Every structure is written in structure tokens, then in C-alpha cells.
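Both of the next two complexes hold subunit A, though its partner changes from subunit B to subunit C.
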Partner chain A sequence: MHEELATQGLTVITVALDRAADAERWIAKAEPTHPSLVDEAHLVAERYGMVNVPTVVWIDEEGRIARPNDVAFTTDQGGKFAGVSTAEQMARLRRWVAGEEPAPEEGTAASAADRSPEAQAARAHFGLGWWLHERGSVEAANRQFARAGELAPGDFTIRRGTMRLRDADPFGPDFMEMVAGWLGAGNSYYLPLRD
Partner chain B sequence: MVIVGVSAFFHEAAAAVLVDGALVAASAEERFSRIKHDPRLPVQAYRFCLEAAGVGPDGVDAVAFYESPAKKVDRQRWAGSSPPPGQPDALDPGRPERMIREHLGHAGPILTFDHHLSHAASAYHFSGFDDAAVLTVDGVGEWATTGYHRAVGEHIETIDEVQFPHSLGLLYAAVTSYLGFRVNDGEYKVMGLAPYGEPVLADRVRRLVRSTGGAGFELDMRYFDFVGGEQMYSAAFVDLLGRPPRRPGEAVDGFWADVAASTQLVLEELLLEKVAHLAGLVDSPNLCLAGGVALNCVANGRIRREGPFADVFVPPPAGDDGGSLGAAALAHVALTGERPERRRLAGAAFGPGYGSGEVTAALRSAGLPAEPAGPDTVADRLAAGQVVGWFDGAMEIGPRALGHRSILADPRDAAMRERLNAQVKRREAFRPFAPSVVAGAASAHLDLAWPSPFMLETCQVVSPLPLPAVTHVDGSCRPQTVDPDAEPRFAALLAAFAARTGCPVLLNTSLNVAGEPIACSPADALRTMAVAGLDALVLEGVLVEAGALPARLPELLAAWEPAPRRAVAEGRPGHLYSFV
Partner chain C sequence: MVAGVHTLTILDCGRPVEAAYRDDGDALRVPEAAVPKITGWKLEPHGLCRDDLCIPVRDESLATADGVSLAALAAALGRPLAVDRNEAAAYLGAPAAAQPAVVTGAMAPDFSLPDWRGGTGGLAEHRGRKVLLAAWASW
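And then the complex of A and B:
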């Protein structure tokens, strides 16, 4: 999409909510032509209210959110998992870039952060955990990550996103167990936007 | 009881934590963010404080904010301020609380205290005095620019104030700007430049500001433009002083030095007058000073020598970073009814530290010899004329390096000052360097009858030794006296240098280059070493040779920063974005 729509003014920016050391080889292997960022401190997740990946947010030239973050995959195989059609999403993106989708309402801020007390507390615990992890206090960090996950059980950028830091595999049994528990309690793992 | 004090949103944002009334940790945000004078909410300094206190965000009993947002916004609106681009809520008085809730995750009480009261508490509650007169002087807080306070026991009472726009800090800032230096940064340069000039323009400066007797003084606002204007001073100011403003980088000739000397003299005269006035209001032999103007160590020296008070205390973070300490102390009093621990600060090392094991392991992993270097080894190098970085223990709070994040050199070498200014610090040639001296030996070299542990006052050099690298053009210096009980490792180094050279004095300047915050982490120190061309760096008692460094630098830095703060891949050249 980046290469296809670059001449029309679109830039795709990918953001890995991960440690640079973990993300780097994947990015290097993909040889992207678009800017690829690593957001270790989850600043993008906080600013744009992201609680799970993969997700996409459209930001216009004014820094306004043209479409809030929505679960998205690059292939239909992945899309099936979340019940979204990748082809449909791509078509809609092309229409937006071509100016065929309505512009966001005046005054739409470039931030959609969840400002509930629980979400704020969860991010603070995550932030302190990341700080402690960087300083080598692994156990203290894990306590903060665990507390963050309790406060925001639906925020998988925290619950799953800290697995590497906690020596757990974000694609392994811990992850499966976490998702099973969440779904078993009657929740959805992905919540696509409904139009 | 865990109380975190926070100062933010102007300059020198900082956080400080009191645990049961004892100061446990304090740091400016700039030390972590590496953005000098970083004014943003001190998220990293706050995390550092929580780490030091051993609590999570839910373990903080109260956050204390260092000024009253509503009063400040009143004044900003009165002065015609409008929010800067991209910060539509900058003049929203609810913003500090909202940001503390949102970004620090603090759900408990937030106590706010007036800006000058926070300054007053940052001095008095850490002075060890049972009572004191307190004078706070800065650019501006909410409305007050100068505060007269009486402190007894746990109480601090504000007796009188001078209000915006009449401000000694803003007067000095206007001259700083006129001299082509950056406001809130270049004030030190004005003070350092002053001894090169003569106060021949003092009568003109006295037309800018005049005492109105008692506590008061007034700026003649025809000469200033900071209320509703685009700059600090007006066209009339330029006409009065007689030359167009100096452009940054333009040669500093005698005229500019005369402007600096004249402004400094008028400031000193006013401060001496106001200190005498305060002495008439408060029955105490003790004076505490705080606020940005209390970093004017030349004025502090005169107040100490010529003023009516027997003892004077100025806290190492006398500027807005210290507001975090003061606010925390005030919150402790408000919540417990008791004073925080009554102890005079002996040192300023309340910032982050790094264990020697951590440093040694990282050096070894980078393949560098990690041989311990005791005071004798380091003293040998200093005596041989080397410039040595000295990284020891927790870093200092406040603008001065006091033997924890320092660059040290032989003060007897006249060429050392030029080398340091030009090659190492990369700053103006006229800037002086300060001496550190073993406390017991100070009186033999300095006209100083009391300890000066924080480099916050100047005095004359009276040494039988030539000390050209630390003696300013007027024969003065800004000394640190080093008490071996408070600073045993630094005192041991000074003693070892004295044993070799007969000189118990070292040149001590902060471990950074111009425009950067003082080095905080070992990686910062190594970077500074490389950029500044230090001959050696002593990291927690381990010596790193300059010769070993260049080829290994990336490897070394990676050893400390396994997660490099940079975007790891770039799409189009010239479009590097980074959130990390």
C-alpha cells in the first residue's frame, strides 16, 4: 500500500510495540520501503488508544485521526481470525487516500487515549515496569507488568506485549492460555469497528 | 508515608520523593531525557523516585505540585499569553492535575503549593535550621517574583511579596537576552562576564529597576516588552543602553562586559537591601535563599559576607528543580503536622546511581580492561596534566557537579582553562571554572570562613599557590569545600592529589559539553568522554583510557543500552521518525 499510494501522498508507518532487540531482525528481513518504528515504551498505543495488535489508524495531514484504530491484517487468512475482510479494508483505504471518504470532523484530536482511571493506572504500572526492566530489576518489573494487566485485562499491548520481557512466548502456550481465559469469560479478543 | 514532589511545565522539571519525611531521591527530568532544561511532566524522574522508594504508582500517598496552576494561568492571561502551537490546553489550569493522573497514574491526593512557598520550603526544610528568614527570588511563579518568609519549626509564613511584572529574575533575563544569550540558560554567562567589565552603566540599569523601599522594587515597564510582547526588552531599553542587542556569536567586547557588570552590581545592591529589610522582619540569625536568582553565587557571597545573617543556606537545586523538594516537604507537613527530617543537606547526591558491579561487568563484556583505579592512580594522572572524567555514586540534583559527575583537572595550569573551554566544554572563552578543595585546607587558599559544599557562593582566592585555572579575572572563585565525612571518595582523591603536588585543590566542572545536561548514566559519561576528548574516565572506580575508547565506543554503549533508543529501520532517506 505504501508503494502503491505514495504518489498520492500516503505514507505507511509500521510500529512494533516491542523491544528493539526483538523487533529488529523481523524488520530487517522484511526490507520495508516505509518507515518502521519500534515503540518500546508503548507511546503510540497510549496516544491512539490501542489495546491489541495488529491494528491500523488513519491519520490525516493535519494530524487528525481520520479513522480510529481498527483491527487489520495484511492477508485474508489473518483477517478471518478477527472477522474482517482485508480486501474491503484496502479498498476503503484507497478511497480515503483518493478523497472519496469524508474528512474527520473538525476538532478531532490526534489522541484517543483511554482516560479511565484504570487505564491510566495500568499505563503507569506498565511504564514503571518498563523502567525497572531497563534498570535490570526484573522481578520488580514483572510485578508492575502483572498489576498493569490486572487493571486493564483487555489491553493486550500490555498483557501480551510484556511477554517477551517476562520470558514468556507471545506465540506460545502462555499466550494461548491467556486468550482462552479471556474468551472463556465471554469476551472478544478482537473488536473490529462496526460501521 | 511516601510523598512525591513534582515541578513541571516551565523549565527544569523534576521529581523528588520523601519517605516518612526523609529525602530519598530527587532528579531533574533532563538527566534522563537528555534534553537540557526539559520542562515536560517528569515521567522518568517520577519512575526513578518510585523505584528509589520501592513502591508502585499505587504506593504514593500524595503527589505535591510546586505551584498553583489556577493562579499561574491568571497571570499568564493577564500578561496576554496564548497557548503555543500544538498545546491548546497549555493555559488550562486543570492540565497539571490531568497530566499527573493520566501520565503518572496517580489516583490519590494531589496537593498544590504556591511557587515561592515551594522554593522557600526547598531551602528551609533542608537547612537544618530551627528557624530562619527566607528570601525567594526568581523570574516569576504565579504572580510573586520575590517572597519574604518567616520559618519556625514546621511552619513557613509568607510575610510579603513583590508581584509580576516587577521581577529581578526577569530583569536579569532581559539583560541576558540583550547580551545575545538564551534566557533561562545564559544567566550564568552574564554573571561570569561581569568581572571583565566595569559597572559604568549602573546608573542606566538603575533606571530599569528601582527600589520602592521596604520589600518593594519596580521595573520601569517602558523598557521591557515581556508583558504581551514578543521579546524581553523594548526599543527604549536598547536606546537607554546605547547599542543594538548583541547577536549570538558576535564578539564579546568591553561594552557587553560593562552591561553585565552594571546589571550584576545593581542586582547585588538590591538583594543586599532586601535581605537587610527581611532581617528587620524576622528575628532569626539564619537566612535561607532559593529561587533561580539564588543561583547567582556572586550575589550570595556578598549576602553572606556583608549581610546581617550569621548563617546562610542555599539548597543545591535552588531553581525550579528544587520546587519538587519544597512541595514534597510542604505536603509532608500538611499531611502529618510534622516537619520533615530536620537535617542540613550534606551533599546533593540524590539522583540515579549505577553499581560498580554493573559498570565492571559492562566494561568487561565490551572487552575493555576493568582495572580498579584508586585515588593514587587518578591523582597521578591529574598531576601529569590529564583531564579526567569522574563518575562516582548517585548523581547530583541541581546544576552543579560536586564530585559525582565531574570533569577534574590541575588548577595550577594556566593553559588548562583555555583547553577546557575550547576543546572539552566547547563554550565561551570567558567562562570561569570552579575549584574543589578539602574542607580543612580551604582557609589557606580561599577567603572563606565557612563551608561551601554546593558551589553557591564566590569568594576571593588567597592561596600561596598559583591557581590560574580556577581564579576568575577579578581574583574570585566559586568553591566547593569537600567534607571527608560527606564525600569520602572525592576527599580521598583531593588528598592524594595534595600528597603529590602540595595542592589540595582540583578544578571541578560538570561532566558534559555545552548544551547538554550533565551525564547521568555510564553510557552518557562515555559519550561525553568521546565528544569532549577527556584523557581518561573513572567509572565507579574503574579507569577507562581515552585511547581504548574510539573503536569500542558503539560496543560499550550497546553494553549499557541493550535497547537502543532509535528507529531501527528507515523508509525514505530524510524521513526518520522515532517515538522511542
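And then the complex of A and C:
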């Protein structure tokens, strides 16, 4: 997709909210030609208020947000799970790159962005946890991650994203239990942009 | 923790700053002279000041003879604080009120991160082109 749209003026930048070791296994297989960045400390998640992946943001030639945080999958299966049409999203992106699709109305806000004081406090606990983890203070780190998850129960970059650091399986029973609890309380796991 | 002077690592939005501190069992206190190094703000008689901006400080327990309370300092600046006393580490996050809204028309925040091929990459160098920023993870 990057190669196809690059000639028309689009740059794809991927950011992995992940440990470098975990992300690079996937990146090395894909051998991307676009900038493929690794964000272990979740700086991009904080700056864009991201609470889950995959999340895409359209940014225009002037460096302004054209379309804020949205769920986007590259496979139909993933899209179905999130309640979005992958084909429709791709068509829309192509139209925007070609200048045929207007950006959403000014001020359109992302559903999947958390700017609350609790979210910001959670990110401070995550930041301390990551620093402690890197220094080998695993138990102390896990206490910070747990606190972060309590403060921002809807932030899966924290709750699911720290699972491997806590020796939990992000695709196993711990994750299933987490999602069941979250959905059972009437929440959504993915928050597509409705514009 | 024994009351006395030790070294505390304070992560200012991830940037590590070291400061002497005292843990009186209640508050972690840093020397007043370390406040600008940690926060960019200076404690003046009328409040916390930076350039020609001052925030009045109403919390009288913020500064005592034993130093400046880190928690009170964070609260005065509207910044979240996470502390691990045993590890002598604290993280001072970005203020929630200063976070730009993620909306159409807002400037997209820049960043600089390591690229998997080595080197770094960010957003600013792509000005003039449309960008699809895609966050993903292996989890």
C-alpha cells in the first residue's frame, strides 16, 4: 500500500507500541520501505491519546490532523471484529490521497482518544513502570503497570500492552478475562471514528 | 526508609533528573534549588514562576525547611506523579490540561523515535506530504 500511494504523495509511518524485540520480529519479516518506528515508552500513544491498536491518524501536508484516531485493519477479519469495513476504509484513504475525499469537519474528535486526568496519571505510572522494567526491577514495574491499568481501564496500550512484560499472554486467558470484564460492563474494545 | 538525604531519580516526562531528597514518611522533599532543574519552574515568594508567568501556591506545606514536597509541586503544576519509594524513583507526567485535543484541524504532535533500520524518524520531516500514521503492536 505504501509503495502504491507513495507516488501520489502519501507517506506511511508505522509506530509499534511495543518492546523493540517483539516488534522487530514482525518488522524484519515485512522489510518495510516506509519509516517503521518503535515506541517502547508509548510517547506517540500519549501525544495522540491512543488507547488501543491498530490506530490510524491522517495528517495533511501542513502537519495538521485531517482525520483523528480511528481503528483500521489491513485484513477483513480484523475489520469485522472491530465493526469497520477494511475495503471501505482503504477506498476512502485512496480518495483522500487523490484529493477527492474531504477531511472530516474541523473539530471532529476521536472516540478513541483519552485526555482525562486519570489517563494522564495512568501514563505517568506506565512511564515509571517501563523505566523500572528496563532496570530489571520487574516486581516494582508490575505494581506501576497495575496502578496504571486501574486508573485507565479502557487503555489497552497499557493493560494489554504490558502483558508480556508481566509474563502474561496477550492472546491467552488473561486477555480473554480482561476483555470479558470490559465488555461485560457495557464498553467497547474498539472505538471506530463515526464521522 | 530511614529519614536522611538520598538520591531520587525523577523522570520528567521520561527525562531522568537526579536530585537529593528526604523522605519524612509523609512527603518526598527535594531541595528548593533542585526545583528548576526538575520542572523548569522556580519557587519565588509569590509562587512558582517561569519566564514572566507565575502560578500562585496556596498549599503551605509545599515548601518547608526540609525542602519542597514533590507531590505538592506536581499538584501545583497540574502534573500527574507516580512514585516508587523503595526504588527511589518518580515520574512526573505531562499536565492533562496541556494535552492538545485530538481533533481535525489541530496540529499533529511531532515525535522522534528509533527506526528499526537504525537512526531515528519523526513526523516533521514529512511536512508537505500527506501522512498516514499507523500505530500497531505485536500484542
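Here, the second predicted complex is superposed on the first by the 182 of 195 C-alpha atoms of A that agree within 3 Å, B and C clash if a C-alpha of one lies under 4 Å from a C-alpha of the other, contacts with A are read in each partner's own complex, and residues count from 1 in each chain.
Criterion: a contact is a pair of C-beta atoms (placed from the backbone, for glycine too) under 8 Å apart; a residue touches a chain by one contact, two chains touch by 3 or more.
Quantities reported herein were computed from a predicted structural model and do not represent experimental measurements.
Asker: With the two structures overlaid on subunit A, would subunit B and subunit C clash, or do they fit side by side?
Answerer: Here subunit B and subunit C cannot both sit on subunit A without a clash.
Asker: Considering only the touch criterion stated at the top, classify A:Thr33 as touching first (subunit B), second (subunit C), both, or neither.
Answerer: first
Asker: Would you sort A:Gly136 into first (subunit B), second (subunit C), both or neither based on which partner it touches?
Answerer: A:Gly136: touches subunit B, not subunit C.
Asker: Output check: A:Glu24 vs subunit B and subunit C. Expected answer is one of first, second, both, neither. What do you get?
Answerer: The answer is both, since A:Glu24 touches subunit B and subunit C.
Asker: Regarding the shared-chain residue A:Ser116, is it in contact with subunit B (first), subunit C (second), both, or neither?
Answerer: Second partner only, subunit C.
Asker: By residue count, which of the two partners contacts subunit A more extensively, subunit B or subunit C?
Answerer: C
Asker: Counting only touches as set out at the top, which of subunit B and subunit C does A:Val44 meet: first, second, both, neither?
Answerer: After superposition on chain A, A:Val44 lies in contact with both partners, subunit B and subunit C.
Asker: Could you say whether A:Val15 touches subunit B, subunit C, both of them, or neither, answering first, second, both or neither?
Answerer: In the superposition, A:Val15 contacts both subunit B and subunit C.
Asker: After lining up the shared chain so the two structures overlap, which partner does A:Met163 touch, if you call subunit B first and subunit C second: first, second, both or neither?
Answerer: A:Met163: touches subunit C, not subunit B.
Asker: I'd like to know which partner A:Ala124 touches here: subunit B for first, subunit C for second, both or neither.
Answerer: Both partners.
Asker: Pick from 399-407, 489-497, 507-515 or 561-569: which stretch of subunit B gets in the way of subunit C?
Answerer: 561-569
Asker: Check subunit A for residues that touch subunit B in one structure and subunit C in the other, and list them.
Answerer: In subunit A, residues 11, 13, 15, 20, 23-24, 27-28, 35-39, 41, 43-44, 113, 115, 117, 120-121, 123-125, 127-128, 131-132, 137, 140, 143-144, 147 are touched by subunit B and also by subunit C.
Asker: Can you name the residues of subunit C that touch subunit A in the complex?
Answerer: These residues of subunit C touch subunit A: 11, 13-14, 16, 79-84, 86-87, 89-96, 99, 101-111, 113-117, 120-121, 123-124, 126-139.
Asker: Which residues, counting only subunit B, touch subunit A once they are in their complex?
Answerer: Those residues of subunit B that touch subunit A are 43-44, 47-48, 50-51, 56-58, 101-107, 358, 562-572, 575-580.
Asker: Taking the complex as given, what residues does subunit A use to touch subunit B?
Answerer: 2, 11, 13, 15, 19-21, 23-24, 27-28, 32-41, 43-44, 113, 115, 117, 120-125, 127-128, 131-132, 134-137, 140, 143-144, 147
Asker: Name, in rising order, each residue of subunit A that touches subunit C in their complex.
Answerer: Touching subunit C: residues 5, 9-18, 20, 22-28, 35-39, 41, 43-50, 53-69, 72, 93, 96-97, 103-110, 113, 115-117, 119-121, 123-125, 127-128, 131-132, 137, 140, 143-144, 147, 157, 160-161, 163-164, 170-171 of subunit A.
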